[in-house]
Amino acid sequence: MATLLSTTDLTAQFGGLTAVDRVNLTVEEGSVTGLIGPNGAGKTTAFNMISGFLTPTSGSVNFAGREITGHAPHRLAKLGMSRTFQHTSIFANLTVRENILVGMHLKIDQPFFRTLTGRIKPVDEDAVREILNLLELADRAKIQAGSLPYGDQRKLEIAIALAVGPRLLLLDEPAAGMNPEEAMRLVGVIRMIQKRDITVLLVEHNMRLVMGVCDRIHVLEHGRKIAEGTPAEIAANPRVIEVYLGKGQANA
Amino acid sequence: MIWLFAQQMVNGLVMGSVYALLALGLTISFGIARVINFAHGELYMLGAFFTYVAAARFGYLPGVGISVLGMVAIGLLLDRLVLKPLRKGKMSLWAPFLATLAVSVILQNLAMAVFGPDPYLLSSPFAYNPVIIAGLVVTKQDILIAGVSLAATLLLTLFIKKGRYGLAMRAVARDRQTAALMGIGIEKVYMLTFALSAVLAGLAGALVAPKAMVDPFIGRMALLKGLSVVILGGLGNIPGAIAGGLVLGVSEALGAGFISAAYKDAIGYALMILVLLFRPEGILGKKMRRA
Amino acid sequence: MLEVKNLDVYYGPHRALEGFNLSVKEGEIVALVGANGAGKSTLLKVVSGLIRPRSGEIHFADRRVDGLAADAVLRAGIVHVPEGRRVFSDLTVEENLLIGAFSRRDSEIRQDAERIYEYFPVLKERRGQFAGSLSGGEQQMLAIGRGLMGRPKLMMLDEPLLGLAPVMVEKVAEIIQSLNRMGISVLLAEQNITVALGVAHRGYVVETGRITMEGEAGALAADPQVRQAYLGI
Amino acid sequence: MTRQTLTGILLFGLAAAVPAFVANPFYLHTGIALMVNIVLALSLNFILGYVGEKSLGHAAFYGIGGYTAAILAINYALPAWLTLIAGAFVSGLFGLIVGYPSLRLRGPYFAIATLGFGAILQLIATNWVAVTKGPMGMPGVPPISLPNPFGAGFVFSTERPYYYLALIFVALTCWITYRLANSRTGRAFVAIHENVDLAESVGIDTFNFKMIAFLLGTVLAGLIGAFNAHYTNFISPKALEPYLTLNAVTMVIIGGEGTLAGPIVGAVLVTFLPEVLRVAEQYRMVFFGLILLISIIYAPSGIVGLVRNIAGRREAARHGNAA
C-alpha cells in the first residue's frame, strides 16, 4: 500500500502553548486510520492543520504525493480531501438533497456565466441517490436538514463529505452523541466507505468504534505522538493504558 | 510653517481626544457584548441635543451633567428593548448589527421630527475666549474637551482595571459561560456596558457641540469617525481606541492644514481602508487568522 | 445533600441525559466516570444552572435548585469548576481569585485569598501574572482556588486531571482529598478511572447519557466491566 | 413548466399590460419608482440575502451608476445605451476595489468598509465641484434615446417607454435570481451564508463566490442608478444617502432574504405601505426603522420566510419527521 497522507514534524503553537508538537503521522491508501488520545491531546488541532483550516507553525503535510501545507480547504477538496466537523455541521436551512448537491459542487461543471445563458445541466441524480441510499437518508431527501433528528444530521454530515468524491475522508468524532446502536451502525458505514476505495482518517473517543473499525491507530497525548500500531497493539500498549485509565491499570 | 504644524497638532489632539471617547464606547460594546453599535453616532447626537435642551434652562455645565444622566437611560433602553431580545437563543453577530442600524434611523428621524433639519448653536461660556499659550491659540472649550476626555478615559480605564464590575466586564468579554459560573449576572454586565457606552458617546457630543453645530445628522459622521478609529486601533482593543483616536485627530488636522480642508474627513476612511488592506487586526492588535 | 432525580436533558433534537439519578451525601467524594461525550459535563452544567433540563428534579440541602440561575445556585453553595479549567487568561491570578468571590459581599474575601495563597504557594508567587501564562497544573490549582473563593459546600470538578503531567495528577488528587477533609463534598467527573475511583467513596459509570453502573468506589475499580466499557476490549 | 415560472410569466404579462389601461402618468411614475426599488432590493439581495455579507453602502453603488451616466451624458454627450453600461461597469469596478480587501476578512469588517465607502463617496460627490457640480447636483441629464441609423432616434419623452425599460431591467434581475436558485453558483452562495467552513471544505472557493455575488449586486445597482438619473434628468449627492441603503436593506429583510419573492414583496411594502397607512412624511423613516427592527427581532426570515416555515412544517409533518 502506498502512503496517501503524511505529516512531518507537524507543530502548532498558540501563544506560548504548544498544542501539537512535532507529530509525524502516515495514512496508507485504502486504510481506516484512527487518531485517538485524551481530550486536549491536540487531535482536532492536528486535524485542522491537515485539512487546511489552520496553518501549522512549522512542519509539513503531504497528500497524494504533493506538499499541501497551508493550502486553503477548498483547494484540498479539489485534490480529493474532505472532512466532517466535531460539532454537527450541515446546511440547516437547505433540504437534505440540496445539502448533497452543495457537496457535489466540484463535480458539477457549471461556471457562473453559464448559469445565466446556457441550459442548467441536470444534476447526476444517480450519484445523489447513491449517496442518500448509502447513508439511509433517501426517504428524507426533501426535508429541511435542520429539522432532522440528531443521528440523521450526523449521517448527513458524512453524506456531504462523501458527495465531494474524496480520496481521503477525515471524520472528526463522527460518533459523538450517538447512542451505542447508532455508533455500531456507523462501523458498517465506515466499512462501506472503505470498500469504495476511500481512505479514512478519524478522530474518535468511542473506543469500541475505534478498535472495531481501524486498521491502524495513532495515539496523541499532550500534543505528542506516544504510540502507533494495530488496534491489538494499541490495546496492549502499557503507555496507552496508562494515559487512558491511569497508572497501575496496565498490569491489572 | 512650524507654527502651523504645532497649531494643527494641538487642534488634532483636541479632536483626537473626542474621537477616542467615541471609539471607547464602540469598543467596549463590541469587546464585551459583541455588538457593533451602528446607532452609536445617534447616541452622540442625542448627547448634544440633551445638552442643548438642558443648557437652555440650567446653563452649559449643568446641562452636560443632565445629558449624561439621560444617556444612562438611553443606553439601558437600547440594551433592554433592542439587544436583549436578540440574545435569546443563538446569538448571531448580524442581528444586532442590523437592529442597531434600524435604531440609528429611528433616532435620527425622531430627532428630525422634533428639532427639524436645521442646525442649532449650543453656546458654552468657554467657547469664545481664546487663550494664547506659547503662541498657540486654543479656546477654554478646547481645554475643557481635552480635560474631560482625558478624565473620562482615565476613569473608564481605572474602572475596568480595578472596579468590581470592571473585573466582571473583562471576565464576560473573555468567557461568558465561566463568568456566569462565578455568579456574575451577565445581563447586569450588558446593561452596564451599554450605559457606559452611551455616556461616553453622549459626553463626546455634549463637549463638541459648542465648537460645531448640532443637527439630527451629526451622528452619521460621528459613527464613521468612531468606526475608523476602532478599525485603526483594532476591534475591542481599549488602548488601541485611545491611540487610534489621537492618530486620527492629528492626521485630520495635519491633512486639513497642509493638504485640503474639504477632504479632511476622507483621511479617516483612507486610513481605515489602508489598515483593512494591510493590517486588519489594527495597529495595536494581535495577528488574526485568515478567513 | 445533592439529589438528582430522573433528569432528562436535550440539546436540540439530541438527548444528552436520560433518566439520570445520582446523589452526593454530605462529606462524600463521588466520582462520575465515563468516556468523553458520555454526558458528565452536561450533568454538571445542568446542576450549576447553565443548562435547563427538560424534566426531572435537582435538590440541594433540602432546596429545589433546578431552574435556578447560575448565580443563585452558586449562592446556595454549589461551585462548578469547569472542564478545561477556563481560567480567565488575560486576568491576573489575583483577579481570577477575586472573581471567584464575586457572589460574596462579606469582608473576608481578602483573608480567603491569603488562605488560598498559603495553600497554593505557587499561586502566591504568580499573583500578578496573567493566568494564561501558568502551566496546566498551576491553572488547575487556580481554577480550584477560584472555586474555593465562592465558599462551596459542594464542589463539582469537571475533568480536573485532563492533560496534566503524572506528577500533577497525583498532586491534584491529593488536593481533592484535602478539600474533602475541609468538609467540602465533591462531585468529580473524570475519565481517569484509577485516580477518580482511588480518591472517591462512591462512583457512577456513565455511558451515552445513562448510568450503567454504580457502587462503592473500590468495587467499581476492581470490576473488569468498567475497564471494558472504556477501552472497548 | 413549474407553477413558479407560470406565476412569474403571468405577473410580467400583467405588468406589461398596465400602460395600455393606465393613462395617468402619475400611476406610471409610481410603477417606475416601484420597479427601481425592486431592482435595487434584488441587487442587494445577492450580497445580503444569498452570501449573507452585510453591505451597508449599497446606495453608493446606485449613486456611482447615476453619476457615471450623468457625467458621460452631459459632458461627453455619449448615447444612453453606452452610459447605462458604463454606469453598471464603473459601479462594479468600485465593487471590486471595496470587496477585494474586505471580503477576505471574517467579522464585521465588510460592513464597516462598505459603510465607510458610502461616506467617502458622498463626500466626494459633495466636494468635487469641478466634476459633480457639488451639493446642488447635476440637472439636465438627457433623456434616454434609442439610436436609429436611418434617421432621428427615438427619444423617451413620456413615462411609457421608461416603464417598459424598467420592466426589462426587473425581468433581467429576476431572471438572474431565478437562474441562480437552482444552479451551482446559487447553491454555493447559500452554502457560504449557512456555514462558511463547511462550504469551504466541500471545495467552494468562498472568497471567489462572495466576490461574484458582490459584483453582481454592484453592477445591477449601478445600472438602475444610471437608469434613474436619465429618467429623473437629475443626480445629486442625495442619490448616495444612507437612507437609500437602509430602504434597500429593509426591503430585503422584511420581505425575506435569499429568495426571489422576498425582496419584491419588500419593495412593494416599502413603496406603498407609508401611503396606505398615511404615515406623515417626517415620520416615514422612523416607521421604516421600526418595521425593520420588529422584523429583525420577531421575523428574521421575513414575510416569505414565515410563509415557508408554515409550509415546511406541514411538509415535515406529512413525512412524520417533525423533530
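Order as written gives the chain letters A, B, C and D; numbering starts at 1 within each chain.
As a working rule, contacts are C-beta pairs under 8 Å (C-beta built on N, C-alpha and C of every residue); 3 or more make two chains touch, one makes a residue touch a chain.
The shown structure was predicted, so the numbers you read here are calculated from the model rather than taken from an experiment.
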item: Chain-contact steps, minimal, separating chain C from chain B; value: 1
item: Chains contacting each of chain C and chain D, listed by label; value: A, B
item: Per Cα centroids, the chain farthest from chain B; value: A
item: Higher-contact pair (C-beta pairs counted), A-C versus B-D; value: B-D
item: Averaged-CA centre spacing for the pair chain D and chain B, given as whole angstrom; value: 32
item: Chain A and chain B, separation of their C-alpha mean positions in angstrom; value: 47
item: Computed distance of Cα centres, chain D from chain A, in Å; value: 41
item: Multi-partner residues of chain D (each touching 2 or more other chains); value: 206, 323
item: Residues within chain A bordering two or more other chains; value: 148-149
item: Interface hub residues of chain B, defined as touching at least two other chains; value: 290
item: Chain D to chain A touching residues, read off their complex; value: 175-176, 179-180, 182-188, 190-191, 194-195, 197-206, 212, 312, 315-316, 319, 321-323
item: Parts of chain A lying in touch with chain C, wherever the complex brings them together; value: 15-16, 38-41, 148-150, 153, 173, 176-180, 205-212, 222, 235, 241, 244-249, 252
item: Complex contact set, residues of chain C against chain B; value: 48-50, 70-71, 74-75, 80, 82, 86, 88-91, 95, 98-100, 102-103, 146, 150
item: Interface residues, chain C side, partner chain A - complex; value: 11-16, 35-37, 83-84, 132-133, 159, 162-163, 165-166, 169, 191-195, 198, 207-209, 227, 230-233
item: Contact footprint of chain D on chain B as seen in their complex; value: 36, 38, 82, 85-86, 93-95, 97-99, 101-106, 108-110, 112-113, 220-221, 223-224, 227-228, 231, 235, 262-263, 265-266, 269-270, 272-273, 276-277, 280, 290-291
